[in-house]
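Chain IDs A, B, C and D follow the sequence of writing; residue 1 opens each chain.
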Amino acid sequence: MSLEGSKTVYIKYFALLRDERGLASENISTEAATLAELYNEIRSRHDFSLPVERMSVAVNDDFAEWHNRVNDKDVIVFVPPVAGG
Amino acid sequence: MSLEGSKTVYIKYFALLRDERGLASENISTEAATLAELYNEIRSRHDFSLPVERMSVAVNDDFAEWHNRVNDKDVIVFVPPVAGG
Amino acid sequence: MFSLMETDIAESPLRAAVEDERAGAICTFDGRVRNHNDGKAVSKLSYEAYAELAEKEGNVVIAEALEKFNIIRAAAAHRTGDLKIGDVAVFVAVSAAHREDAFKACRYIIDEIKLRLPIWKKETYIDGGSVWVNCQSCSSHAHKHVADKGRHSHEVARASESTRS
Amino acid sequence: MFSLMETDIAESPLRAAVEDERAGAICTFDGRVRNHNDGKAVSKLSYEAYAELAEKEGNVVIAEALEKFNIIRAAAAHRTGDLKIGDVAVFVAVSAAHREDAFKACRYIIDEIKLRLPIWKKETYIDGGSVWVNCQSCSSHAHKHVADKGRHSHEVARASESTRS
């Protein structure tokens, strides 16, 4: 549970998540403290199928940790299981 | 030591052995029973540097064993250590 | 150098990029679109990438290979967009003085690319379904994504051995 | 298919020979003439083959790879004659459904070609000497062959790691 103030973050969706959200990106206002909280908040709102344990996360084009804090104006990507090659 | 009659074999030389013999091929009359005996006979005659242990041998375009018998009209190649690739 | 490419991967410039007078060995790998996956006939395949991070991470993988193995140069590229059967999805080239290093580094680069780069594959099958293939750690599951009665349903399909190339 | 080639090995037909709709992975290897071997600057290199047996044994190696590994096609070629720095001395291409098999089979084929085929390499160095490089089992010795006062003398030189590519 967060005691943070509200932040605005920009989220880009790829692959399965883009399909499930029906959008490629959006701005979101959130009070989530950590990236994991933020994902779970959005997941429950939009019924995403993948649990946080199956995902990775990137902030401002670098991989990040789920326990990292959410900062105002972060560009966030939730990374579904990859399948390159 | 062989009790065989005389046979004529055709020998092709490659690489180091061709250089040492100064010939690419020759017919040889021999009483050698085995391929190993034949190699040692020719080696001592022409002062080849490589001992039989470092060589392989082929007869009629197939690899053979040193203890195989020498047959009349065999085409024999003594194979110095290879270095392909 | 790692790059994402929206059009056909031309192998010769990548191969040329690793040539070097000191190189006695060049190993290359290419991953191609097969006509079957997991026993199902594939009619269409597309790759989507989170480009900024994929290119960054691809270059990290190549830098790691140069660090870990005694190699001279390495280059790799990955396709995005729609591919057809036989198209090259990913290409890796490595040069080294000796073949042991060339093979190991080439294998390392393709393994890490498949494991770490934010690139996703969507397969469409002749029988109609389509799937985002999920092969993280090659032991996870693929979620079959099907439009169903106006909302999304998710059917879990095994991403078996056959999702690996 | 294995072949000996007296002129430049063109890689594209060999690569094309292993393409297949079932192939998800193609691994290639090429061995090239380096500018140095064992620390000595190489000015010239030539390969000599006992052609009949080398071609036969090369095809045996490829048949073994098809038997041992789950691969689809394999092709290889080896140069003979004079080569210059950067020239391709040997090329191997293997296709498979999955990359593990492609890598293993490609490695098997190049290792066996180098170990078993009756092909010999003569290196000429910038400092003048020339050597038939002997790398059988990669633990033997190279016999340096020098014309000396009208007869042949044989100076044994270590064929170290650097004779492997």
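By our rule, contacts are C-beta pairs under 8 Å (C-beta built on N, C-alpha and C of every residue); 3 or more make two chains touch, one makes a residue touch a chain.
Given the structure is predicted, the values throughout are model-derived calculations rather than measurements.
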Subject >> Chains contacting each of chain B and chain C, listed by label >> reply: D
Subject >> Touching chain A and also chain C, the following chains >> reply: none
Original post:
So which chain is farthest from chain C, going by the mean of the CA atoms in each chain?
Top reply: B
Subject >> Inter-centroid spacing, chain D versus chain B (mean Cα positions, whole Å) >> reply: 25
Original post:
When the C-alpha atoms of chain A and chain B are each averaged to a single point, how far apart are the two points in Å?
Top reply: 75
Original post:
At what distance in angstrom does the C-alpha mean of chain D lie from that of chain A?
Top reply: 52
Original post:
Approximately how many whole Å separate the CA-defined centres of chain C and chain D?
Top reply: 29
**OP:** Return the residues of chain A touching two or more other chains; collapse runs of consecutive numbers into ranges.
**Re:** none
Original post:
What residues in chain C touch two or more of the other chains?
Top reply: 31, 110, 165
**OP:** Identify every two-chain combination in which the chains touch.
**Re:** A-C, B-D, C-D
Original post:
Which part of chain C faces chain A closely enough to touch in the complex?
Top reply: 31, 47-50, 52-54, 56-57, 78, 89-90, 110, 113-122, 132-136, 140, 143, 145, 152, 154, 159, 163, 165
**OP:** Would you mind writing out the residues of chain C in touch with chain D in their complex?
**Re:** 19, 21-36, 85-86, 97-100, 102-103, 106-107, 110, 161-162, 164-165
Original post:
Where on chain A does chain C make contact in their complex?
Top reply: 12, 14-16, 19-20, 47, 49-50, 54, 56, 58, 61-63, 77, 79-85
